[in-house]
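Below, each structure is written out as structure tokens.
In the two assemblies presented below, chain A is common to both, partnered first by chain B and then by chain C.
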Partner chain A sequence: MTFSGEFFASMVLALVAIIGGVLLLNLNKVVHMVVALIFTFVSIAGIYILLSAEFVAAVQVLIYSGAVTIIMLFGIMLTKPYDESEEPTGKWRKIILAIGIVGFAFAVYLGIYNFDIPQVQTVLHENNTMQIGKAIYSKFIIPFEFVSVLLLVALIGAIVLAKREDKEGEKE
Partner chain B sequence: MIQNMLESSPGWFNFIIFFILGVILLFIVLGFVTYSILAERKVMGFMQLRIGPNQVGGRWGLLQTVADVLKLLLKEDIIPKLADKPLFILAPIIAFAPSFMVLATIPFTDKFQFADLGVGLLYYVAVSGMTVFGVLLGGWASNNKYSLLGGARATAQMISYEIPLVMSVLGVILLSGSLNLNKIVEAQAHGWFILLQPIGFIIFIIASTAELSRTPFDLPESESELVAGYHTEYTGFRWAFFMLAEYVYLFAMSALITVLFLGGWMSPFKFLNFIPGSVWFALKFCFVVFIYIWFRVTFPRMRADKLMEFAWKVLLPIALANIFLTALIKSLFFGA
Partner chain C sequence: MSSVPASAFLALALILFCIGLYGALTKRNTVIVLISIELMLNAVNINLVTFSKYGLNPSITGQVFTLFAMAVGAAEAAVGLAILMSVYRNKKTVHIDEMDEMKN
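Let's look at the complex of A and B:
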């Protein structure tokens, strides 16, 4: 195995992503969990850069590490800022969980060990953004429109929900 | 030179050269921060009919900021007892690191640039958004209601103003046809985008002032209501990190405006081409910094409830209309 800079970078990024994920599950304070989540998201963006998907990487940082996590942080802070999660109890539960994890790992290992990905010569790394734009607006225009309608519905739904709460508040 | 090195095989030699270049840039930026603070105080002083710093380092107070920084570094490092210690330590770093990272993609001249990214503009917006975490987490970790309020305000403000900021540069992207900052500069050879995109420029400069949280948008740290907001509990070099991040963003944002709207390193007229690009860049850059200082002296602070309304009900619709207009102009006159 050759020890290249790319290999080193991908190892570091993958480690940070996994450690962030593990910390997300194991930390006690909710805000700390979100910080761990940020590290995971950012290192996943780094992996996208290694795969020469720079547009996806920038959007990953912008949307996931930026907007989504901020909304989560706001939600947490506006509810109970110093709430600590409780340790779930039960010995049997832990054992069953461990068996489940090992079984899942084994299944995934079996699945991907001999998984054959045909190597195709692509030019995806050149003008990445332009190619994505062309694909979205020509080949995938209908799914794209559907997604925008879906987001619009979600937006209006959020406005309706927020409005209703406001009216109830006025009555009291 | 850097492009060649980025494509060569990685090794310790490359790493050391990159490291040294990065450190040099860091010191240039620190020098800028030191003297932009002094310039800010001097300009503000003159505009308000005062003198400004004039004691340390001669008549112009040239060593005033240096002395201030030294004082900050010598200060006792206080972490409040009930603060969330790991986050309290981490927050200034999270706030500062992205501000320096965004400098990597800005083309200072046609040769002096660190990374020629295809998505340079998007990279700037995405990475600069990460600073919000530092501010919000710093405010939360301080365990102080003013800090939390300041942090929450800063976050709401930065997230809201990021949208008109991005929407206003879409016109520039449409006209230049690229997200690459080099190509955007090259597209301005026949006319700066400030002339073709006056509406976009005005929206961008308003939204960027809000992103920098400078007066009139300095609500996150309004000293009269929030006792300095998210960094109330910070002192010494941790506080200095927050301030440093703010001024490095001033550097980055001024450079970005120069690149996007003022033609970057290019000279305004053909017969002035003998003056090197770096001089042009520096002149335009200093002009933008001066505009920001001028804003700060001129405008009073906005009211908190007007702030959000202004972003969502005024800036965003105008920015969207500007995109529509630009698309129309492009397809009518420039020929798609």
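Let's look at the complex of A and C:
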């Protein structure tokens, strides 16, 4: 392992991503938590660029740090989380959960810490968007169409769920 | 060839997944629970992109799957927020431990 620019960039991005996640857990105000998560999403986009996935990085910035964050902010501002008191279900639940999650992390880490398979020279970075387009419109055309149906269903479902239902009450 | 080992990216994804899991299981505000689930989805996406470059036979398929997962995640966020709005209108609460209509 040498200290190249790629190594440095990936370490900085990973650090920013983890700091954003930790701030999500520790900040007090809900809006601040969401803003902290923007840092995580943007640095994950940087990680994607390092992994030679430029198109996915652009989509990450557009969808996650753009759309999902804004929709979550709207959700917070429309619901008024007036009561920001501490959780009534004591500390023991949190401690037991933390122990369980650390155990899970350790078990997975044992599997990946010396993950070493030979690296193959890839061409993923050349015309990345064109490769993705070719794959989607030839090999994955059926899942692609299903995704369009899924988005339509989600759109209609979200409108129906969030619509006011007191039309009959107003008329009377 | 890259100087960063693949296990570094996998470890980053593992840490983010654990943060998201802890947040989803301990936070009280439903919006934060939803956004923690988004964080877990992102961790899984990092794994997919990593293996699309460092796997045994690297190909573009991992990135295409990441795009599909993002579409599903965005749809899930929208529907989750709509359900939250509906619950908030009826119960005036966003706390996840007070949404227990289906309990009895």
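Remarks
To be clear about the criterion, the second predicted complex is superposed on the first by the 147 of 172 C-alpha atoms of A that agree within 3 Å, B and C clash if a C-alpha of one lies under 4 Å from a C-alpha of the other, contacts with A are read in each partner's own complex, and residues count from 1 in each chain.
Please note the rule applied: a contact is a pair of C-beta atoms (placed from the backbone, for glycine too) under 8 Å apart; a residue touches a chain by one contact, two chains touch by 3 or more.
Everything numeric in this text was worked out from a predicted model, so none of it was measured.
Within the superposed three-chain model, A:Val16 lies out of touch with both chain B and chain C [touch as defined at top]. By the touch criterion defined above, A:His32 lies against chain B but remains apart from chain C after alignment on the C-alpha atoms of chain A. Of the two partner chains placed around the shared chain by superposition, chain B and chain C are both touched by A:Ala67.
Here chain B and chain C are compared by how many residues of chain A each touches, and C touches more.
With both structures placed on the common chain, the touch criterion links A:Phe41 to chain C but leaves chain B unconnected.
By the touch criterion defined above, A:Phe55 lies against chain B and chain C together after alignment on the C-alpha atoms of chain A. Of the two partner chains, chain C is the only one touched by A:Ile101; chain B is not. By the touch criterion stated above, A:Phe140 is placed in contact with chain C alone, chain B being left untouched.
Touching of chain A by both chain B and chain C, each in its own complex, is seen for residues 4, 6, 55, 59, 67, 74, 81, 128. Against chain A, in their complex, chain C makes its touches with residues 1-12, 14-16, 18-23, 25-26, 28-29, 31-32, 34-36, 38-39, 42, 45-46, 49-50, 52-58, 60-61, 63-64, 66-68, 70-79, 81-86, 88-89, 94-95, 97.
For chain A in complex with chain C, the residues that touch the partner chain are 1-2, 4, 6-7, 10, 14, 17-18, 21-22, 24-25, 30, 33-34, 37, 40-41, 44, 47-48, 50-53, 55-56, 59-60, 63-64, 67-68, 71-72, 74-76, 78-81, 83, 87-89, 93-94, 97-98, 101-102, 104-105, 108-109, 112-117, 119-122, 124, 128, 131-132, 135-136, 139-140, 143, 147, 150-151, 153-155, 157-159, 161-162, 164.
Per the touch definition, chain B reaches chain A in the complex via residues 9-10, 84, 86-87, 90, 117-119, 122-123, 125-127, 129-130, 132-133, 136-137, 140, 148, 152, 155, 159, 179. Residue ranges of chain A in contact with chain B, taken from their complex: 4-6, 29, 31-32, 35, 38, 42, 54-55, 58-59, 61-62, 65-67, 69-70, 73-74, 77, 81, 127-129.
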